[in-house]
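I am attaching a structure below and will ask some questions about it afterwards.
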Amino acid sequence: MNLFDGNDWPRVLLPLPVVLPLFAAGLTLALARRPRAQRTISVTALSIVVAATIAMLVLTDRGNGTYSIAVGGWPSRLGIPLVADRLSTLMLVVSSVVTLAVLLYSLAQGVADGEEGTPVSIYHPTYLVLSAGVSNAFLSGDLFNLYVGFEILLAASYILLTLGGTKARVRAGTTYVVVSLLSSMVFLTAIALVYMATGTVNMAELSVRLREVDPDVQLVLHLLLLVGFGIKAAVFPLSAWLPDSYPTAPAPVTAVFAGLLTKVGVYAIIRTETLLFPGGQAGDLLLWVALATMVVGILGAVAQNDVKRLLSFTLVSHIGYMVFGIALGTAAGLSGAVFYVAHHITVQTTLFLVTGLVERYAGSTSLDALGSLAKRTPVLAVLFFVPAMNLAGIPPFSGFLGKLGLLQAGVDVGTWPAYVLVAGGVVTSLLTLYAIAKVWNRAFWQEPQEHTDRDEVAGLATATQIGVRTPLGMLAPTAALVVVGVGITVIAGPLFGISDRAAQDLLDRSPYVDTVLQGGASGGATEVPR
Amino acid sequence: MNPVVIALCLGMLTVAALLALLRVAKGPTMLDRVIALDVIVAVVVIGLCVEAAANRHATTLPVIVVLALVGFVGSVSVARYASKESDEERGKR
Amino acid sequence: MLTLLLVHAVAAVFAVPLVRWLDRRAFTLLALAPAATTVWAAFQGPAVLRGETPEVVVPWVPSLGAELAFRLDPLSWVLTLLVGGVGALVLFYCGSYFHAKDPGSARFAAVLTAFTGAMTGLVLADDLVQLYVFWELTTVFSYLLIGYDAHKRSARRAATQALVVTTFGGLAMLVGLIVIGQRAGTYRFSEVLENFPTGPAVTVAVVLLLVGAISKSALVPFHFWLPAAMAAPTPVSAYLHAAAMVKAGIYLVARFAPVGAQLPEWQTTVLVLGLTTMVLGGYRSLRQHDVKLLLAFGTVSQLGFLTVLVGAGTAAATTAGIALLVAHATFKSALFLVVGIVDHQTGTRDLRELSGLGRRMPLLAVVGTVAAASMAGVPVAAGFVAKEAAYAAFLHDPVVLGVLVLGSVLTAAYSARFVWGTFWRKAGVPDTTATPPSAGFVAAPLVLAAVTLLAGPLAPLVDRPAALVAHDLPGEAEHLALWHGFSLPLLLTVVTFALAAVLVVAKERVEGLQARGPAVPGADRGYRRTVRAVDRIAVEVTGATQRGSLPIYLASILLVVVAVPGGALLWTRPWPSDVVLYDNVGQVLVGIVVVTAAVLTVRARRRLRAVMLAGVTGYGVTLLFVLHAGPDLALTQALAETITLVVFVLALRRLPPFFSSRPLVGTRWVRIAIGVAVGTCTSLFALVASGARVAVPVSIDLPDLAYSFGGGKNVVNVTLVDARAWDTMGEISVLLVAATGVASLVFRRRMGSIDQAFAAHTDPQQQDAPQRSRAQSWLPAGSTVDPERRSVVFEVVTRLTFHAILVLSVYLVFSGHNQPGGGFAGGLVAGLALVVRYLAGGRYEFNTAVPINAGWLLGSGLFLSAGTGLVGILIGQDVLQTAIIQFDVVLLGHVKLVTSLFFDVGVYLLVVGLVVDVIRSLGAEVDRQIEEEVSR
Amino acid sequence: MNAKVLSLRERVSLPMLVWLVVLWLLLWGDLSWANVLSGTLLALLVTIVLPLPTVSFGVRIRPVRIVLLLGRFLVDLFAASAQVAWLAVRPGRQPRNSVVRVPLHSGSDLFVTMTAELVSLVPGSVVVEIGAPSARGGQGSIYIHALGVDSAEGRERTRREVLLTERRLMRTFATPQAYAEYLDRCRADGSDALCGGNRP
Amino acid sequence: MDWGTVGTVVGSAALLLGCLLTLVAAIGLLRLSDVLARMHTTAKPQVLGVVLSLVAVAIALQRTTDVATLVAIAAFQLLTVPVAAHMVGRAAYRTGQVDASMLDHDDLAEKLAEEERSGG
Amino acid sequence: MSPNLTLVVISGVLVACGVSLLLERTLTRVIVGVVLLGNGINILFLVASGRPGRAPILSGGTTAETMSDPLPQAMVLTAIVITLGMVAFVLALAYRSWQIDGHDEVQDDVEDRRIVRRAELDETSASYDDDTHETSDEEGEGISR
């Protein structure tokens, strides 16, 4: 039968990004002893997912912008609706592409380093489950199922973070796991409270019912949800866990975490602010949170002496940009935020992958141990410089465009807090450049110097042989991601078009609500004339 | 069933549970605790019986079945790994 | 015009291979790119001079107003010529400047070419965003160019300094541009300028633009980066720091002058900073010994001069500005190139060491002198014409005029100092030995010198575009020409030279004076202080916020919970109208026990004690579930609680029985305080939330559909395996992952062994397991347990109950759809059966009991559950849609099969897999590790 | 050991199958062909997939005696419960106890187990150790912790009761020749006064 | 009085007795001196107490289905409780957690001592 | 819907106790804390499901109106199972960290402590190359090609 006749495609495509990876995960685990089979299965599965998500994005954007199905053909208010709108599909595309690239990278690394620290038979299923969890979070139209989605990706991330069970990873893993457990608890509490007040966890239904709830109670629920998501998105003061957790993991793991996981939190915040609690009661609060996140984060980066950690701090800092856009609450702001998310996922992942290559090459990521890489390995130098400048918001890269959009939105709003945020954003951008330049100076230009006080650096340096050739299998996906990052600049026009339309849909919630509430009962998707 | 009877039963069970709980807390040895835990499980089972008898429904029978199994496994697993404990260890809370 | 940029881009990309291939000769080839620009501009000349403005617009990001819009108006035309021409010459010059096989030269060539491209784009930009794009690009490229000698600390630092300072200005400018763009409703340069918005915001924006301009053009107080940037190779200085990049600021000022000059803020900023810079630069320049630095400070001075001229916003001043722009670009580049040659041939730039070069390289000396003369404003050279015009433009303003004269005096003086210092023979200094440069090497400066010399007599050529630029500016500009007759400007020129002569003659005394004179406050030191301060603040803030302690992180999160939602609650106090004390007395009684147990748990100092007390709360909660009519909950809770207890016992058996004693009792009270606060908040939240219930729960429609659509009587179970099967699928994948995680942590050897965790029944030691034989074995491997732990009673009972428990577990799965039970409960019960086997017979017994691979169980479980979803899709149903199949069978009667059962079976398998995995890891493998350590 | 893989014949044992099917029926609570069939299939499945070594139970069922046994057991249960309850709540000094060794004569794990079970079920006595009979060929013995037994005659009484329990069990379940062997052991042990009596 | 009332009365009695036994057990658990002594008391609620309350439930429900299940539960209890008691008691003895001062006489001690001598 | 005070209080206490255990350094305590928290939150869902009715099983004339709200029950079931998995994993983590350094106390982050120390000593960051006190390039010394 034709999977794509008329509006039947959502029935097929929407579940795919979740079901297929899980299916593959089961398969790969059952085949724990056949690494090659595992490799084939997971690569195939994720490739199909990439194709599916791209198709979804195109069909959604070309079509009526929002599609929904209810799992098991139940009425969506009783069952669990999966919703594809421009926002979620865009997120899905970016995340699936990044996930695939990182998988390829990690496979190459595994091959090169003889499965160093990445036990394959665990790695594949876990990684697949992670990607399923991320997709689920983006697709779910049900608050409790969103929680489940979070749990899926978190559980997987716990395992990936502690792979190999070395001292450092167990320590970092513990911090990460416990904080995440707490955040889940907060989220779960919020869900219970929401159900108390409304008697539903269906997000579309909620956006209708919450309006009738006593505004004071609304505020409490609203803020509690924001706290829960804020931890995941790592906004100040809920962000301190992140830089302690990510850097110790294997490079590809760090990369995919840095790129994706926090963004899922940001995504949830967007939904909270637009679908569940429109009207921005928390707008001003978020503005200041955004400022604090940007500034404290980037100051943290300036103070660091290790590339991975430094990047982790820039990660936190730049979450601030997205929150800034959300907090503005205008179409322009949201659009900028959405675009920035897409940009940041790609670039942050790329940078961590490159750092992984650097670590493989030089045996360390400490600025004291690194040096004159520009001379020793020009390829890595270029691969680092481009995304680094992109991150620092140097034009014409996507980072600049995202920032431009956000600043324009801020100036449009024109209130004094907005201008303060604009200033903060500019300062952050300058300090980011400064931090990046620091890395470039010390790691790529300056000669490496002897540092006796850095014992663990020495340990690292001896861990892997220095100056090893970077296998093409790792180089290619990284380069590909660099190109994608630059490519965003080229296709920025249409991309911003999508994010603009996404922002529009988010602000007038009717497309989402109507589609979901009318959908499902018959199974399949239902058109809502716009 | 007569509410007075139910009230009496519940009262006795509660006191029993609290006393057993005290033993779980005091120990001194792991085995004392596991014994006390067994009593608590028994209290739960009997409590379920009281509830079932009072409301004349069988929905909780599976729960009772399982709990009957549970007490056994719990205490055996602790007994299996019981280790020699010095007296001053027992002293501590 | 886009093509020009593409040419540069391509050239830049291919520069590296080209240099690898042709070595230095490649530069000549690359020079063609800017040369092409020049030629193209030259051909556009007539049109432009006719007042046409060729345009090209390529859309880019419409929603940001960002597009590639190029526009060639007179100002752009002039600058394009300069940028292209000088660029071409410098690139050509590089061919001789770099030593053969210089490893860095390839990178350098690429970046320099890219830079010329960026510069061209900058001066052609007709879109504010695009302007900023190329502006920043020039910054980045200059960073790379200045840092050419990356191994030198001074080079790295200068590069960073230039980067940070100019980016700072650039970002300020960006904000300015955005404000203007948003207010004007367009980012098209020409349109913005036509109807320029007004208002305080715009005023601020204009000032921000100036910040960008002066930082880029190294005006006070940002001037310091330019001299430091002299660490760059001389061609860079000649191009970036004389002709091109530093002119970007001037260009911006010139662009906005027509609108900006209306604002007093603009006027003051431009005049004050410009004049200060002009004087300060000249003053500094006079005391330099490094001739390159002398030129650098000279440049600073001239940039100040230029700013004043193009920023004044009068026709006359602007005309003069254009003239000086051209003049300066030509003579200063020439001079830098000359210094480059000198340096290249002699190896020094210190005028105290240089002597008698004039005789050794006469051609070079001539070139240098001519260029210097133009700089000094000696008649017939371009510099002269420009200065005359400048004087003329400010006749109405004696103060400015006076300062201009002073600046020009200094200029003339350091020009002289340059010529003297570089080429003259000095008393007591031995003649510098040096080989004369090749003709090709001198060619570039020669051309530039020629241009600067001829531009004087041919001034009218420059006059036309200048006039066009100044066209609709206030005031009258007299035409640029060599000779205006005897006029005040001419007189001033004479004065200028007279004073300059004095300075030159009395140079020793002047130097002495400067040495004793007040050291001008070092803006550079200010910059460093700032950077250091930023770093310190960063350390302080990070040290304060990033404590690295998990408890602190958790505490801060919890405090946020208390402060933010809790604060909001206490602020608004939407207490519920009424509450129920309890639904039945049971809740209260159980509550007492649970609460007591919970409190005791907190006080526990023994691991297992805490665990058991927590277990008590768990069983209490089981009862609460029953009292709330949730048999499925109670069932699962009881089982989960027990499995948890077993896992605790297994995992903790090796850990010390006591928690390590607490360091601080004080922090303990803090912990408890936070706990109480959070607990209270939670309760209050619950009160207000349920008080605010607005509608009947959606689940009111669930039961009927559960039977009609889901085909089951147990609504909860139907919800789990059908209506919300999506949740369940996710949740079992969580279990799967958790199981793999446990294995990966306990089987800490390499992958192979973790596979064993899943493969496990082929335990290598299985065969050589200890044998303590008995006549009759009740359990296959019972005989492997040491008698200490062995009990025949236990074995016999296990033997009798094992299969029974399994039957029970299966029963729970199948009855689950209509009664309490289901996949989870069933799986956990089966798990308990296996636990019993393990406890009774040890790890060998367990491995014989479970000949199946845990990974296989887990995997196939998820495979089955997710598979049912996929199948659903493929056969044209909704994902995880349930079918109810009913049929009659002889003897068996009516059979009703609900397909969601398969899903539940998947769940069952997976849960069993989890238990197997846990026992195999925390049970069997840990046993093995213990035995290993004992045997060691 | 798993080294030797059990054959299908070894895996399936009739009494076990019956017991499982009965349980299955008990659980479902209605006796239908469907249940019998599914129960049998399930029983076969679990016993074949997760096998346990077959053991010769060597028992014979005597319904009447079973009833008697149960009755006797209940009486003991109530009586002992009352005793222990009194010990537990009575004011004043703590009861003193003994660990008593009782030699058994059944010569089979199953009967030892049953004895131990019955003894343990009755409050006031817990089996703390079992000298397994077939361990050293010779006859086995169980060690009982008796609550509130603080005299030689008390201990004697305990032994007596345990031996009586064993005897009742043997009478109820033992096959004739197993019973005969049992009696021989008793005589050998010289405690046939307890075990005595003629064959069932 | 009819069978229904008889049932109710018997059932109530059974329940009360079961609960009482449990209470007594808990008291003993708290009062008695050492592990084994305490264990004796706990055998009761689990056996007699539970069985009694199961009887009560059976009387209350009176459906063969449920009665069957209850019988199964009782059987399971009778089978497993002694094992648990035995395992715990034995562990208590083996790990020297028995208060020797409360032992009037100990046959097992001699056996173990002899095992020691035979170097077991 | 009027909330059940008893349940609310119970869950509050459980959360309070869970939290104060969560804030401990010993991983085992943390896990126990998580267990308590989990139980507390599950009770919140009971509160959310309103007054108890009959078991949500369509037999013996039980109807949608007379039964307890089944939806929260389903959610709690999911939550219970997820918590179970997480506890198992974190216990393995505790075991592993005991294997590594003999206890299950959560250590502080080394890099962070370094920076904290620098902050206390008022030092600059390790990656900052300090040139504030050197002779400035203003006068051009130290410039060479």
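For reference, chains read A, B, C, D, E and F in written order, and residue numbers begin at 1 within each chain.
FYI, a residue touches a chain if its C-beta (ideal position, glycine included) is under 8 Å from a C-beta of that chain, and two chains touch if they have at least 3 such contacts.
Predicted model, so just to flag it, every value in this text is computed and none were measured.
Note on connectivity: the fewest chain-to-chain touch steps from chain B to chain D number 2.
Between the contact lists of chain C and chain D, the overlap consists of E. Counting only chains that touch, the fewest steps needed to get from chain A to chain C is 1. More contacting C-beta pairs link the chains of A-F than the other of the two pairs A-F and C-E. One simple way to say how far apart two chains are is to compare their mean CA positions; for chain B and chain E this gives 11 Å.
Once the centre of each chain is set as its mean CA position, chain C and chain F turn out to be 29 Å apart. Chain centres here are Cα averages; for chain A and chain B they lie 47 Å apart. In terms of their C-alpha centroids, the spacing between chain D and chain F amounts to 50 Å.
In chain C, the residues that reach two or more other chains under the touch definition are 153, 535, 538-539, 542-543, 546-548, 550, 554, 558, 627, 629, 631, 682, 686, 689-691, 693, 697-699, 701-702, 723-724, 727, 731, 734, 737-738, 741, 745, 748, 791, 793-794, 797, 800, 804, 808, 815, 819-820.
Multi-chain contact residues of chain A (touching two or more other chains): 144, 148, 151, 155, 158-159, 162, 165, 170, 174-175, 178, 182, 189, 192-193, 195-196, 243-244, 302-303. Multi-chain contact residues, meaning those touching two or more other chains, occur in chain E at positions 25, 27, 39, 63, 65-66, 69, 72, 76, 79-83, 86-87, 90, 92, 94.
Each chain pair that touches appears in this list: A-C, A-F, B-C, B-E, B-F, C-D, C-E, C-F, D-E. By the touch rule above, chain F contacts chain C in their complex via residues 1-26, 28-29, 32, 35-36, 39-40, 42-44, 46-59, 63-65, 67-71, 73-78, 80-89, 91-96, 98-99, 103-106, 108-113, 115-120, 122-125, 128-132, 136-140, 142-145.
Listing the residues of chain A that touch chain F in their complex gives 144, 148, 151, 155, 158-159, 162, 165, 167, 170-175, 177-178, 181-182, 185, 188-189, 191-193, 195-196, 201, 243-244, 302-306, 309, 367-368, 438, 442, 456.
Interface residues of chain F, counted against chain A in their complex, comprise 1, 3, 22, 27, 30, 34, 37-38, 41, 44-45, 47-48, 71-72, 75, 78-79, 82, 85-86, 89-90, 93, 96-97, 100-101, 106-107, 109-112, 114-115, 118, 125-129.
Contacts from chain B toward chain F in the complex involve residues 57, 59. Taken in their complex, chain C has these residues touching chain D: 761, 766-767, 769, 774-781, 791-793, 795-797, 799-800, 802-804, 806-808, 810-811, 815, 844, 847-851, 891-893, 895.
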